[in-house]
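The letters A, B and C name the chains in turn, as written, and every chain counts its residues from 1.
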Amino acid sequence: MSIKFERYGKGLAKGMVITLKHVLRPRITTQYPEERLNISRRFRGSDFVWDKDRCTGCATCAKSCLQGNITVVTSAGKENNYVVEEFEIDVGRCISCGLCVEACPYTALHFGLSYEKGTYRRGDLILGRDKLELTPASQPSGYDRPEFEVRLPKQTMLLDRAGRKRQK
Amino acid sequence: MNSWILDNFWAHFAVFTIVILAFVIIGVMAFIYVERRGFGPFQLRRGPNRAGPFGILQPIADAIKVLLKEDVVPDRADKVLHTLGPVIVFLPVLLIFAVIPFHGQIGGLIANLNVGIVYVAAISSLGVVGVFMAGWGSENKYSLIAAMRVVGAMISYEIPLVLSLVAVVLATGSLSMNGIATGHPLPMILLMPLGFLIFLAASMAEINRGPFDLLEADSELVAGFHIEYSGMKFAMFYLAEYGHALAMSAVAATVFMKGWVGPWDAYLGWFWFILKTLMIFVLLVWLRVTFPRMRIDQMMSFAWKFLLPMALINLLVVGIQVVAFGGDIPWWMMFINFGLAGVLILGWSKFFRPGGARVEYQV
Amino acid sequence: MKIDEAKTESVILEIPKAQPVMRDVEIIDTDAPGDDVFVLNMGPQHPSTHGVFRMRVTFSGELIEDMQPIFGYLHRGIEKLAETRTYTQFIPMTDRLSYLTSMANNHAYVVAVEKLAGIEVPERAEYIRVIMNELMRISSHLMAVGFFLNDLGCSVFTPLLYMYREREKLLDLFEMVCGARLTYNYMRIGGVSQDLPEEFLGYAKQFVKEMPSYIEEYEQLLAENEILLARTKGVGVLTPEMAVNSSASGPVLRASGIKWDLRKADPYSLYDRFDFDVPVGEIGDNYDRYRVRIEEMRQSLRILEQAIPQLPEGEVRTKVPQFLRPPKGEAYGRIETPQGELGFYLVSDGGIAPYRLHIRPPTLINVTALSEMVVGSLLADAIATFGSIDVCLGEIDR
């Protein structure tokens, strides 16, 4: 705590020099719709991908959800198994905690990578089977899924962008 | 220039009123753009860049948005004062431009007053009445506090402002704006740097900018005196705020930086004038972007205990020089004046204590 | 059953009039003629109350004569919600307490649960927790200082935006680790949810290397600024006695000159392995609180410098059943979050959900001393002092 209390405006002048220095620094903002950063490989959002072949209908995800958003309806199958008849996630009430993805013992439920998921109606936020199912086009996130994580593009870091010009 | 317009009183009046009105509105829009865009690089961001190329239409978009808003008058407000407030704030700002010389020897556009600087000082402080009317008439406690502050602060800062202008008048030997601009071969900013700093600080307080934006004080008083305004009336306040900044920058450019005088000023006078005005304004933006806000009691003590003695000493020093050199201060005095300004600021800073309610901790 | 009507009526008449719920708030008719107090309700909708805090201030001119903090506008019943969720399911809820220190909140809660259930944590997980906590401390202090300066009236946000730049880098790191930028939900009972990504350590090292020069810049920008000094020195003084008596904690307590940091006083996790200082202030004014936070950022960087190279290999999570049933009993887990001592008091009845959870929020207790600090100063100082406490309404109201 060795700050001298100078009163003749030296501190003010120093502050002005610092702000002037920043004019020459690179801007750190991005122009969002045109310029997009890579999001985290472990992205958690309001998008889910559900692998219907791996899902056994055990409903562990539904039990682990603290909001009770996941609905799983099953019926008895022929080979002593469950047949999943309904699988729904109410994303409108989801807090994206990721407990369901972690809980899934058969790695059948993953987060998705897309984040522009605004809708005009609350009803559209209830994702049914058609929106959840794993297709070649859907991108599962690497959250708690190391096998997906290695395949995803590297996250854009501000440290890379802002640090470049500071290295003299 | 058409001589008929200059000779006929009413034609002259009508034409140049429109010219000034257009200049103020376009100038204000340009200033808003310069400020908002200028904040960008200081803050590592880009500033508005969506409306038009480089965001140049942003002030227009702002204006349209503000004008389309509903005009809300609080139920218990004093309707007359509430409505008159913005008008009275905006009017003096326009009136200042009547005497500011834009270009060449013509002088002020509407009136080439031989007491132009007195007129500027008198008119520019009228806005406080409108601010107080707005603050009082809004029936809001925040705006009332802002009004209380503004009356104290603006009147206090009027004195160092005028005293620093008096020193300029002594040095140039003229009261008219044009006479001041052409009165001395050197710009006053070089001849009396202390006077310029005092004028800058006092005019920043006068136009409520930078560290002196106490009557808006958005972290304390939400929006200060215009908290209850919306729509057109709010736009008037906004216009008046930046118009006042434009006016004060123009006055500073004329008084301290020789206004339109520059190379080829027979043709480029208006260009030099606008360039100098813009330079002053960029300095104001830079100051605003850097400093935290002062507290009301510190602001008052800064005016009375720092700026006022400094302005008096400055006046004394300039007066002695004027008497000693017979009204024409030689150019080499500027080095002495720079040194003197430094010594005075350093010396007086040692004595100056900004007071406080729970007073400053004495180390 | 036949009701005697006369009797019913008398019963109704006997019901006493409703008392005001908050007894402390005496109701003053502010518009009564001849009343010379000037009462201003600052908040709950006010730009500088950091949420929905309300200050009921009595002025004489601009001088504050009386101040009553009123809160509860953001009450969400988080303590009650815990009783209907399993121990693991409550972790995301702790993110929503003080949303600028989510990682530390997670840590405090899992420390309490681990104490309750007697769970061992792998060493690597402890190291990760320490790293995350210190990164969180820097991020939170950046925001605290930035918003404090904003309250002081850096009206166009310049220092705040500079601090956002550094916080953004930290948020990138957090996002890389746990996939979210605000509600991390990273700590788990018995460890952390996932191991660090491989490129994390490189970036963290780079951050630790770069950060001191930025802190230096903030100092140059503001620490000697005459306006800042005049605004903060000697303003909002919290005396050491008052700080202890109001059981304040964190930077607010340390600024008053009391060297009390849970990382040293009651070492949890691995903090006894690291070498760092506890910065203290001199008199407990706004300036000291500002300085203590800046100093603490430097100390956090010191801890990070030691912790990152030491990070051992190994497991990051002990196997814990999804529906954990801790033995009957109670436990109090506390850590030093950026804002002070955050404690979770848990009572278990042997079921899958806590029987009772109580949160000791640091900022609620720090803010109780606010009226001591601001009475006798000016309106602008009240705002600045409130900003210097670094409150988070999500935590005060819970």
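Convention: contacts are C-beta pairs under 8 Å (C-beta built on N, C-alpha and C of every residue); 3 or more make two chains touch, one makes a residue touch a chain.
Just so we're clear, the structure is a prediction, and the values are computed from it rather than from any experiment.
Novice: Going by C-alpha centres, which chain is most central here?
Specialist: C
Novice: In terms of C-beta pairs in contact, which of A-B and B-C ranks higher?
Specialist: Answer by contact count: B-C.
Novice: In whole angstrom, what separates the CA-based centres of subunit A and subunit C?
Specialist: Whole-Å distance between the two chain centres: 25.
Novice: Subunit A to subunit B: how many Å between their CA centres?
Specialist: Distance between chain centres, rounded to whole Å: 50 Å.
Novice: Could you state the distance in Å from the CA-based centre of subunit B to that of subunit C?
Specialist: That pair's centroid distance is 43 Å.
Novice: Which parts of subunit A, given as residue numbers and ranges, touch two or more other chains?
Specialist: Counting only residues that touch two or more other chains, subunit A contributes 5, 7, 9, 12, 15, 18-19, 22, 28.
Novice: Quick one: which residues in subunit C touch 2 or more of the other chains?
Specialist: In subunit C, the residues touching two or more other chains are 158, 162, 165, 221-222, 225, 227-228, 233.
Novice: I need the residues of subunit B touching at least two other chains; which ones are they?
Specialist: Expected reply: 42-45, 289-291.
Novice: Which bits of subunit C are touching subunit A when the two form their complex?
Specialist: Interface residues on subunit C, with respect to subunit A: 85-86, 88-93, 158, 162, 165, 168-169, 172, 175-180, 183, 185, 193-194, 197, 199, 203, 206-207, 210, 213, 217, 220-229, 233, 281-282, 291, 295, 322.
Novice: Which stretch or stretches of subunit A touch subunit C in the complex?
Specialist: 1, 3-7, 9-12, 14-15, 17-19, 22, 28, 39-44, 60, 63-64, 66, 95-99, 102-103, 111, 141, 143-144, 149, 154-155, 157-159, 162-163, 166
Novice: Enumerate the contact residues on subunit B facing subunit A in the complex.
Specialist: So the residues of subunit B in touch with subunit A come to 40-46, 49, 286-287, 289-291, 345-346, 349-350, 352, 363.
Novice: Which subunit C residues qualify as touching subunit B in the complex?
Specialist: Answer in residue numbers: 38, 40, 46-48, 61-63, 149-158, 161-162, 165, 221-222, 225, 227-228, 230-231, 233-237, 283, 285, 376-381, 383.
Novice: Provide the residue numbers of subunit B that touch subunit C in the complex, in ascending order.
Specialist: Touch list, subunit B to subunit C: 39, 42-45, 141-142, 145, 148-149, 211, 213, 216-222, 288-298, 354, 356-362.
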